[in-house]
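The following pair of complexes shares a single chain, chain A, combined with chain B in the former and chain C in the latter.
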Partner chain A sequence: MKHKKINYNELAFYLFTIPALILYTCFFIFPVITGIYYSMTDWNGMNRTYNFVGLKNFINIFHDMSFKNAINFNIKYSIMLVLGINAISLALAMLLNTKIKCKTLFRSIYFFPAVLSLITVGLIWNEIYYQVLPFIGNKLGIGFLSKNILSSGKTAIYGILITNLWQGVAVPTILFIAALQSIPADLYEAATLDGASSFQQFRYITIRFLIPILNINFLLTLKSGLMIFDYIVALTDGGPGGATESIGILMYNHAFGDMKFSQSIAESIFIFFIIAAVSIIQFKVQNKMEVSD
Partner chain B sequence: MKKVISFFTAMFMTSTLFLGCGSAKDTDVKKTDGKKLEGKIEFFQQKKEAVKNFDAIIAKFNEEYPNIKVEQNCVPDAGKVLTTRMSTGDIPDVFTVYPLASEFKVQCDQKFVMDISNLNGVDNINPEIKKMLTYKDKLYALPISLNTMGIFYNKQMFKELNIEIPKTYDELISAMKKIKAAGKTPIILPDKDSWTVGQCGDRLFGMYMNEEMDLFDKVGKGEKSTADSKGLDKLAKVMLELREYGQADSLGTGYDQAISVFASGKAAMFYQGTWALPIIDKAKPSFEVGMFPFPGDTDKESKIGINVDCAVSARADGKNGELAKTFISFLARPEIAQMYVKADGSPSAIKDVKSDRKEFEAMQKSIAEGNTYPIPSNNWKPGFSGEWKKVVQNLIVKKDVKAFTKELDQVVKNFYK
Partner chain C sequence: MIRLKAKLFKKIILYMLLLAGVLVILFPMYLTIITALKTTEETTKSFFAFPKSFYLGNFSEVIHSSKYFSYVFNSVIITSVSAFIIGIFVPLTAYPLARKMADKKYFKFLYYYIVMGVFIPFQVIMVPAVKNLSRMHLLNRTGLIMMYVTMALCQGIFLCVSYIKSLPKELEEAAKIDGCNTVQTFFLIVFPLMKPMTSTVVILNSLWIWNDFLMPLLVLNKSKASWTLPLFQYNFKSEYTFNYSLAFASFLLAMLPIIILYAFIQRYIISGITNGAVKN
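Moving on to the complex of A and B:
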């Protein structure tokens, strides 16, 4: 009797997972499998018929100069984004966690950019780069600032990065503040009694406790760096002359503009493997450094 | 009891997942005795600027056919949405297209689009335009309006500086020198937006490459190199020479910003398509706006490229076909075409219908005299325009004609192979 009861219970639990499982299968696993199949055809996104071409698309992407440029762009951008967001938001979180006046006001000010829609952010920063910065640059006689920084292939990447940082630090900052508040105060007390300097306290207590959050923030920013698409569309659309073309932009253009649908899927599968590899390595490394309970 | 409840809750949650998936059947055409038609059609409309215009036309349509409901649907990034809907079989009953684009020809080849060669009212189309649109001896779209690119100019500023409308390229350069000497910006160039840079390059291609329209096909086969093309060399030099008279840092100015600079009277000229007029109007310029064709080396060579701006097609498989045909032939009536161009300002594709906006007088004259050339990108391999605009924008970045032809050569060989 007892045995049967447990089964009945378990069955209900399993049934509860079914909706999520079905959704996940329909909208994630199934598209991935069909995607892998389409990446081995020559479908252009429109034709009723297509042929199986094997790995030709994968070979093609390695001969494609714009794909190489896009990979370079993505790597450079991701490194700067990960370092930038994590450093700035950690510093902000530490500042906003100290006993300063108007703490809540500052917290809401720094969180404000996160609630703006991307279209608004794009319009705001386009005008800043178009009118405000060149005006300041001209007055102060700074050469590279005296024109729109989005107009040169060398500086446009920083224009996108600054906008992304401005909006992107908000959420990681909140996460860091939450994590900082969860560190027991008596640890700092004990450290002070033992004569630890504030840098040592930061190094051996704060960072250790922040590692789970650091882990999440690192992964989230890395992912958003490698998948960067929206900020580029809002600011440069890949220009000037393809200088800020990320893989996301390239895939979108190949699929819907240039009628190379299957090649764009091959590109996305390639990126999937890169992101998966980086995530696994990152998890392995950081798990070792975490504080164990 | 609790377990029973949870069991059924889980079952219920699972089953509700599929509730949305069932599809209601549309009532198709019901032919009642007489000629009265009944039903509902979806009109997928790609032009944001034309939504109001078509609302008025649909209202007029319903006066005559009260039982046909036309639902206008205009979404962002409509071209890409339409492509996706076609490839998944969910084709709208009636939709607007850009019928000269090479991508549209693929859609016709794949039999997504209805052949309307024998439709009532196609005889109203301007014969020249109809000839342009005929693809493999069939007509797949009803053209309504045309667009063309030219140079918008500030009439007041031209008058104050005593400048005549330039008829040759040299006159254009000397006019720009005069404006520059007067301390004004001669021409505003929206080089930040690669789509419009690509369009400028495309039109200049049409002007200077008359005898080399098939250049890219030949380059793809390895028979020719873009470096040998004199027309391409000229195109690049003209593009760069215009930049000498444009605003400083042209690559930092976008399309909307350029329009606001022009409409506020800070720049004398603006090389752009007729489609920009409604937006210039919105900015309420304090001066009269005019447009003249981009001048060639001689007066005779000043030609303009004509493209179809708004055209309507229907789905091929015949669902709601009668209703779609009725609606399209209604749009082909001269009085309806008149209604459209009156609000839109662009030249009409229907015989004897004239737009009464005087901004485009000079362009209308060129069309009437037949001083036109076909748009080169319409005959390129589908999808090549995306690569082209990038290369042209890079020309403006690097300001190096040789690097431009070299890069183009590589891109073409890669794309046309």
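Moving on to the complex of A and C:
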């Protein structure tokens, strides 16, 4: 009798994990495996039959001009986004962490864009670029403002970037503030007593405590830059002339519009390797930095 | 005296910078609200002028020409059902993993099996996942909810397992001595103790699910009756490209539920997001 009871309790632990195991296997791991398989076929997503073609799709994507274009776009965009978001949000966090009045009010206003949907924000900015900024530009006689910046292939990327920055700095800022608040105040007091300048204090105390959050912010923004989709749908839809076609857009079009189903999966696997490589490099660099400290 | 002046000067610059930032944030919102409250004629006259009278016709037109309330309902149902399941499944799975990982290989395997998913971006599984869903006839709200719960497992279980490990085991042992079985111990002792971390996981995911556009686009776009707010927003804009007043009214309507919610529970949203990242 006693023996049986213990078994039931042990069994419960196993049963607890069953729903998650089934869901995760069916809706996550199974797509990953079928995805890898399809990436080595020539399936167009519709036909009943398809052939195994090995790594041909992976070789093809490197000869595909639109894929190269998209990679270029994403790299350029991600670098600007990572630098922009982290610089602005760090500066903002330091401003918001000083002794100011209405601290909570400021904080909730600055955080507010984070709760909005990217598609709505993108559409609002689309109207701003289309209507409002040219209006201001014409009134004030500022040449570069008088045109819709989304209408030129050279400047459209900045239109997307500005929209992304407007919304994207909110979460990193809040995280930086939390990190700044975790720094014990007596460290600064001791440093002041030892005659450290405020730059030295920033360099040797603040930055040290910020590194873990900086890492998280770096990875989060990098991922969002490499995967950008919603803003482009709302702002340019890849145009003008394919100038802002990101990998996300390209993959979507290949899979659901252009009947290049298996190729789009090959593209996604390629992106996965880029993100994994960057994460590993960053992890190694961070470890080295901690050791050398 | 000079130091005092310099200090004051610094303060003024600080406030000016902060206010400039506030203006940058609020300007698009201001524009959205005033344009939504103006007739198209008024808007063409001046984009920036404050509305002469609060014209509500745009809102009623958006609501009448679409099924706005049913899209709100869909968003609410999809977000809250997903959040509810996530709030139960994630702690439920994390508990045995955290407590049994050390001595049973199955739990250790399962932990790494699930946490590994953190490194795989959604776009990698998106195309085959949609194909599988359509094969299972799950291109509907149920299928979408299942996808959301699945996507929440990886990070959520990672966070919750490390949280349970930081909780003392003594309470569970005491409960066992008092005759509680595993199910009772979980629901009466562990689940309440996990509330801070569970709420972080639920808040993070709810916010993401509410605003997500890509997954509803893939799963629901063909069945208009089950559109969510972001999907409605996207399709409405493609249909009414040239009517600014209607477009801005739809922006405001699409944002309205989350703005109202934010006004009441912003503290929880902000702390939920910070907890999630700091614990990471």
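By our rule, the second predicted complex is superposed on the first by the 265 of 293 C-alpha atoms of A that agree within 3 Å, B and C clash if a C-alpha of one lies under 4 Å from a C-alpha of the other, contacts with A are read in each partner's own complex, and residues count from 1 in each chain.
Methods note: a contact is a pair of C-beta atoms (placed from the backbone, for glycine too) under 8 Å apart; a residue touches a chain by one contact, two chains touch by 3 or more.
These numbers come from a predicted model, not from an experiment.
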Discussion item. If we overlay the two complexes on their shared chain A, which of chain B and chain C does A:46 touch? Say first, second, both or neither.
Written reply: first
Worksheet item: Given the touch rule stated above, what does A:8 touch, chain B (first), chain C (second), both, or neither?
Response: both
Discussion item. For A:67, using the defined touch cut-off, is the partner it touches chain B, chain C, both, or neither? Pick first, second, both or neither.
Written reply: neither
Discussion item. Once chain A of both complexes is superposed, is A:238 in touch with chain B (first), chain C (second), both, or neither?
Written reply: first
Item to complete: Quick one: classify A:119 as touching chain B (first), chain C (second), both or neither.
Response: second
Fill in: Touching partner for A:271 - first (chain B), second (chain C), both, neither
second
Worksheet item: When both complexes are superposed, which of chain B and chain C contacts more residues belonging to chain A?
Response: C
Practice prompt. Mind working out whether A:77 is in touch with chain B, chain C, both or neither, as first, second, both or neither?
Written response: neither
Item to complete: Answer with first, second, both or neither: which of chain B and chain C does A:16 touch in the superposed model?
Response: both
Item to complete: Report, in rising order, the residues of chain A that make contact with chain B in one complex and with chain C in the other.
Response: 8-9, 12, 16, 19, 23, 45, 256
Item to complete: Please name which positions on chain B make contact with chain A in the complex.
Response: 3, 6-7, 10-11, 13-14, 17, 80, 83-84, 86-87, 103, 106-107, 110-111, 191-194, 248-254, 257, 382-387, 390-391, 393-398, 410, 414
Practice prompt. Over in the complex, which chain A residues touch chain C? Could you list them?
Written response: 5, 8-10, 12-14, 16-17, 19-21, 23-24, 26-32, 34-35, 38, 45, 92, 95-96, 98, 100, 106-121, 123-125, 127-128, 131-132, 135, 166, 171, 174-175, 178-179, 182, 213, 216, 223, 226-227, 229-230, 233-234, 247-248, 251, 255-256, 261, 264-265, 268-269, 271-272, 275-276, 279
Worksheet item: Which of the residues in chain A come into contact with chain B in the complex?
Response: 8-9, 11-12, 15-16, 18-19, 22-23, 44-48, 63-65, 126, 129-130, 134, 147-148, 150-153, 236-243, 253, 256-260
Worksheet, complete the sentence: Per the touch rule, the chain C residues reaching chain A in their complex are 14-15, 17-18, 21-22, 24-26, 28, 31-32, 47-48, 89-90, 92-93, 95-97, 99-100, 106-107, 110, 113-114, 117, 119-129, 131-132, 146-147, 149-151, 153-154, 157, 181-183, 186, 207, 210-214, 218, 229-230, 233-234, 237, 244, 247-248, 251, 254-255, 258-259, 261-262, 266, 269-270, 273-274, 277-278, 280
